[in-house]
Amino acid sequence: ADLEVTHWWTSGGEAAAVSEFAKAFTEKTDHNWVDGAIAGSGGTARPIIISRIIGGDPMAATQLNHGRQSEELIEAGLMTDLTEIAEAGGWKDLVNPSALLDACTFEGRIYCVPVNIHSAQWLWLSHDAFAKAGVAVPQDWHEFVAAAPALEKAGLVPLAMGQQGWQQNIAFGTLTIAIAGIDDWREVSVNKNADVAAGGSYTAVFEAAASARELARDSNVQDWNLATNMVISGKAGGQIMGDWAQGEFQVAGQVAGDDYTCLPGLGINQILDTGGDAFYFPKVDDPAVQAAQLELATLLISPEVQVAFNLAKGSLPVRGDIDMSSANSCMQKGLQILADGGVLPSNDMNLSADTTTQVEDLMAEFWASDLSAADAQARYVDIIARAD
Amino acid sequence: MDMNAAKRPNRWFRNLSAKVASIPMILTALVVFVGGTAWTVFYSFTGSRLLPKVKFVGFDQYERLWSTRRWMISIENLAVYGICSLILTMVLGFTLAALLDRKIRFENTFRTIFLYPFALSFVVTGLAWQWILNPDFGLQGVVRRWGWEGFNFDPLNNPDLVIYGLLIAGMWQGTGLVMVIMLAGLRGIDEDIWKATRVDGIGLVKTYVQVIVPMMRPVFVTALVIISSGIIKLYDLVVAQTNGGPGISSEVPAKYVIDYMFKAQNLGQGFAASTMMLVSVIIILVPWAYLEFGGKKHG
Amino acid sequence: MNIPKPSVQIRDLDLHFGEVKVLQGLNLDVGEGEFLVLLGSSGCGKSTLLNCIAGLLDITDGQIFIQGENVTWKEPSERGIGMVFQSYALYPQMTVEGNLSFGLKNARVAKDEIKRRVGRAAEVLQIEPLLKRKPGALSGGQRQRVAIGRALVRDVDVFLFDEPLSNLDAKLRTDLRVELKRLHQQLKNTMIYVTHDQVEAMTLADRIAIMKGGKIMQLGTPDEIYNRPQNRYVADFIGSPSMNFLEGNLENAEFSTGDLKLPMAGYNFVNGGASNGETTIGIRPEHVVTGELLGRASVQTNVKVNLVEPMGSDTLVYADLAGDQIRIRMDGHSQVRTGDTLPIGIDAQRASLFDKKSETRL
Amino acid sequence: MNIPKPSVQIRDLDLHFGEVKVLQGLNLDVGEGEFLVLLGSSGCGKSTLLNCIAGLLDITDGQIFIQGENVTWKEPSERGIGMVFQSYALYPQMTVEGNLSFGLKNARVAKDEIKRRVGRAAEVLQIEPLLKRKPGALSGGQRQRVAIGRALVRDVDVFLFDEPLSNLDAKLRTDLRVELKRLHQQLKNTMIYVTHDQVEAMTLADRIAIMKGGKIMQLGTPDEIYNRPQNRYVADFIGSPSMNFLEGNLENAEFSTGDLKLPMAGYNFVNGGASNGETTIGIRPEHVVTGELLGRASVQTNVKVNLVEPMGSDTLVYADLAGDQIRIRMDGHSQVRTGDTLPIGIDAQRASLFDKKSETRL
Amino acid sequence: MGEKSMADVSPSTIDAASMAGPRGTKPKNRLSRRNIFLYGTLILISVYYLLPLYVMVVTSLKGMPEIRMGNIFSPPVEVTFEPWVKAWSEACTGLNCDGLSRGFGNSVRILIPSVALSITIASINGYALANWRFKGSEVFFTILIIGAFVPYQTMLYPIVILLREIGLMGSVWGLVLVHSVFGMPILTLLFRNYFTAMPEELFKAARVDGAGFWGIYFRIMLPMSVPIFVVAMILQVTGIWNDFLFGVIYTKPATYPMTVQLNNIVNSVQGVKEYNVNMAATLLTGLVPLVIYFISGKLFVRGIAAGAVKG
């Protein structure tokens, strides 16, 4: 059968990764992968995906960030139950960290296939840029801030930043984990403790963000990959962006350690969150498609596909039992942290899309204006207090 | 001869074809416009998230809406954009029409030049102007490269000016139609009025301002309706040109609605916002629509 | 007629719209204080001529003088003319007062002078109670008065009217016509008045210019035009019901067609003596007399009645005479019926003779 | 008048547009073959009445019968009527032939029958050479003939005309009027004809209905309407120049106002005997006689001339009589001048008397 | 007024004067201040209107290196059609690398029925509203007109549900329906005004001639309403062709119209933004309505004058 699969993986690295899925699916089964890429970020794609599911004309499979986003769709009975094949495949034991599968679980049943682990807390640095500025490549955020004046003097943008709320929110979140520490972060993000959000540790975060804002003053690109491109081409010193940026470096033929450096947790806290992408399979009527859906689900999590996909995408596999030795040094760093258990639940799981959107709006405003750190914090506290 | 009174036939079946033929219109009006709107208003009082659910929360969504900074900025932006665009489009549209009406050569050429952007979508418009207003490659960069180093024209990256960046693009796209409407209106003005002003020795500009413009009131109303119906829907242009940025400084209500409905998966909030848009439309429109279509019998 | 002093003079006026030659070599002198009516069928160039005088059209060739000054290249507002349009052309958003004073304000006339002039014009035209109203709230006749007022306040030498009454209904038209005549007698300005309504032309004009195809066919007093039309076109155009034409032969001062013979001895020939040859005679319906007036007519005969149109005050009778159908105007009380044989008399002295070929008056 | 057989009967017709009551309790019988003219000023409801008869407006109350059949709720096409409009309302995209045959095709008349009828209508109206042309290529008069033809082919009992001639110029109007009259004499259909032109009404009608404000003020033959108007409105409305009215007192069959005394002995009072009291007398301008006819008048006096309007065939003289201004119609050759004193005679027997309050005829 | 004194001049002097003085057409200066101002303004404003088109065309003909180096206004040193080829048939979205070509077909498939259906419905509505009023017809019309102002966003969700209920979600026909619904207010207004301005007597004549609702519509009204049909067609073609929101929400990748494809291409950034390809894609997408405007702009203006502007 022809399986229409929607996703929003359209950048160079992402497209390369998704083609691994398609290739495997077409080669290993009798079915066809009909690609339904939607450009723009999840923000553009999600409404389309959701309205099609609600409208009774669903695709056969779709990418969605797993977590709370899809709870209601599952609740409404619009998603295929994958529990059987999950049990058959022993996903419970395979998936590491197990939180990923928990995010796919609703009232004890499994509804999605996690395909990768994404962590957002990375600082990507351009060797070329620092060479031009005549300073050593920093080893953590503090060094980076210290090196910024030199970069500026060399006519470079210290920090590349795409002017979109979600990117700025990633930067903010990363700074939080690094500066406020894991405990406070957990208190705020998981437990929605507004008092902590109003506290001193978060004040420091907002001040750090305010200074980061200055570093990114001259970065006026929109898309994340354009910001990454500034780093790749040595126009900017660094960028705070998730591990998917890895894919862009790869496509550009750059070598980790030689051409660029990656610092998980900004080089301060060796810890990463475990967000990720997952595939859902909306309920369809055609039995042939139903069968194919299950085949695809099984395939997505199979070892070879996981390796191929994640190598291309620069993300981490969801299985702990596969050989990722061919991964580059950045990925190895991530795998190491994962192995050490330095994981945090991702915000997709902690915060509702509603809250996330509000925080993103705040960040978008904060990064683009002269909003003071204190005001921003006050508004942040407000959002956290109302978060559900 | 039979002088008996004839029974008045049933009202419902008189001109049945007309009624049958109007069914699509009636359905659209009732089901889509009234029904859809009522549905939206109804669910704006619920705490619906990704899917509509009947879980009443009273006016919570509205309270939150009006305490949201992004919404306030959106409203403010729409007001600024709306007022500027209304005034400028009218003025420019009328000026162009008046210039074209002066029996000039190449009237067709000029008219085509002013009208062609209307053929292009807002997405295309937004992209084209994003490109021209790009500080490095676009106008600013070019002028600087010509030697005027201090030249500064970067509205899309300046939160205070970005709305005017949108305005430049919006006007570019929409003025042509208004011009055509104005031109049609100008052509409808009694030739004798022009003669009368010439005999009275009224200057050209004064004639336009004091005589012609007031006479074109219905045309201006038509143009006003067309422009304002476009303004309130302002969305595509923003998404294509600035995507609300920098920061949230070019957000507009329609985008707020879409974002909260789909991205934030808070239908209730999105519906509350769209209800507010609807309310403002109705407040502005109903009196006008009544006067224009309800009151008069014919014509 | 003796023109006291020329007020408007037109010399060799040509006006072409592209290929179309609307006016050709037109000459016209209008005396000071004269009321001249331009009369002609639709499209004959009346409005065009008026617009040329006003300076609203750029003429192709020729010259125009107003009060002795060559105004050929002057702006309309500098020519000392005022103009009143068929569609009134009032400024709809201004009050009557605003309409009257707009031109003056524009010419920077002092405030109290404006007030004085508007007051006087309003008084003359009896529109004082309307000064604060807008044109939309006026009746057709009132609007037309305001339009006249607009020309009046500007103290111009020459008034130009382009069918000012033709948008009004019959009754109002009659009333305003009388008013206009009185106004002219009071103001004594030169007035050039375009219409295609004969009654207006006849009652208002000192002189009438009958136009056709951009040329003036005849220029003369209403009486001359009506009673001594210079050509068949004018004769046919003027008069309602229109003149009866019979084709025949003129020989030895006697017109004959079929059995009918009309002695034209008393006829006042243009070139003094009588001509001979193929001739058309024109007889106005009221010059065919019946009943007790029969005796006054020079020729008497009997005709058969085809159709009777009672019109209240008159009765119009259609009858056969010498193979042609003629119209006869009779008194409203006459009891003629279709099919009757009616004795008629023809007042041949009052008839007009035209050369059949050239159609000019003999 | 004796109606041979009623063709159109209207009973208690009411028509309201929302709040506006355009027709109120109107009754009218039109005889078979009769030519009835509805005459009235603009907005009096003539077209509305015609549209009600045609079924183009849904009436508010009342009944309409055509040829004895109650057609109140029938479709226009089922009423056996044909209608001709002021603006011709020809279908611009169809040829003349198409226009003529459209109604027949709609009624699914057989092809050769259509051809026959179109041919006959074209012959009657003399538009055979035009059959292949489109309306855009026709003159106004030709268009109107086609519009009539469209009603003709449908072989209807009743023709309805809504100001069919008022878009035409004066000359053409006269010609078509005669043609229409002839057509009626030939076809002998019932015709109901709306106009606000008196001359048309007088010349065409068998009977005229004068309307005002949605009511019929008088229904009668042209002669009755002109010479015995039932009320002051009709008297004033009919006749051009219009009737002169003088206010005064009627006592002992003598009307007096100021110095003027008019013996009304020969007057034909409506209720047989004379009434007394405040009275208005109406005298038509042509019933004020001058010159050699002076002797025929019952009363003679002198008046001062205010204004003279020569109109070619006639001269209209405005003069003061008993404090009011009156209009006098004189011969076109009269040499009266403004300021002259003119001896006049009044034909009191032909005058009309109205009660001053109720304005009805005495 | 200086000429007052002239009035004293005797007739004979005037006749002498008549030979002198200006004669014929007043000479006109082609370079008068008025003309310089008029054409200057027009040309200046034309620059504003033409600039984006010029930039788009020029950019789409340049190679990427040239774009990065140069001036957006400078003409291409080396004209290349590569970007056009790429935009049309090679640009990738996800795994599909067939550029805009696919969207074009879809757009046409969506456009034709949408334009036809929406104009048909709207013209019938306008006709019914102008000539066959019935109780409540104006109310529906008023609702419709207010509907023209309602932000589409308000309707998106209910329409999803509606389409689901009638089973048209995701199909081309669903989208056709949506376009017809949202085109209805303005088009109905246009047609209603146009038909209202037509002489009522024509309609009456046809009724007397026994033509019914449809007979009058097809035989009388339609043949007379070409100008307004042209306006409606142009408005709908541009509106529907340029639509993005409905296209993306109510269809699926297999049936995406060109605008969605354009958005995909423009937003699928691979490394650096390929401005030249983006511009070529943009131009390609706008080509159909542009051509229509260039060809029928005159008709459009005439039609607007005939119907859209009520006096």
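A, B, C, D and E are the chain letters, set down in written order, and residue numbers restart from 1 in every chain.
Quick note on the criterion: contacts are C-beta pairs under 8 Å (C-beta built on N, C-alpha and C of every residue); 3 or more make two chains touch, one makes a residue touch a chain.
Note that the structure is predicted; figures quoted are calculated from it, not measured.
In summary, the chains found to touch both chain C and chain E are B, D. Steps from chain B to chain E, taking the shortest chain of touch contacts, total 1. When chain pairs are compared by contacting C-beta pairs, B-E ranks highest.
Measuring from the averaged C-alpha position of chain D to that of chain E gives a distance of 52 Å.
Work out the mean CA point of chain A and of chain E, and you get 42 Å between them. We define each chain's centre as the mean of its Cα atoms; on that basis chain B and chain D are separated by 54 Å.
Between chain A and chain B, the centres computed from C-alpha atoms are 38 Å apart.
For chain A, residues that reach two or more other chains under the stated contact definition are 47, 51, 54. Not a single residue in chain D touches at least two other chains. Residue positions 156-157, 161, 263, 266 of chain E are each in touch with at least two other chains. Here chain A touches chain B in the complex through residues 42-43, 46-47, 50-51, 54, 69-73, 75-76, 163-165, 220, 222, 352-354, 356-358, 361-362, 364-369, 379, 386, going by the rule given at the top.
Per the touch definition, chain B reaches chain C in the complex via residues 190, 192-193, 195-196, 198-203, 206, 210-211, 214-215.
The part of chain B that touches chain A in the complex is made up of residues 49-51, 64, 68-70, 135, 157, 159, 243-249, 258-266, 269. Residue ranges of chain E in contact with chain A, taken from their complex: 92-96, 156-157, 160-161, 163-164, 167, 169-171, 248-250, 252-254, 263-273. Chain contact summary for the complex, chain C toward chain D: residues 41-42, 169-171, 174, 177-178, 181-182, 196, 198-199, 202-203, 222-223, 226, 238-242, 284-286, 307, 309-313, 316, 318, 329, 332.
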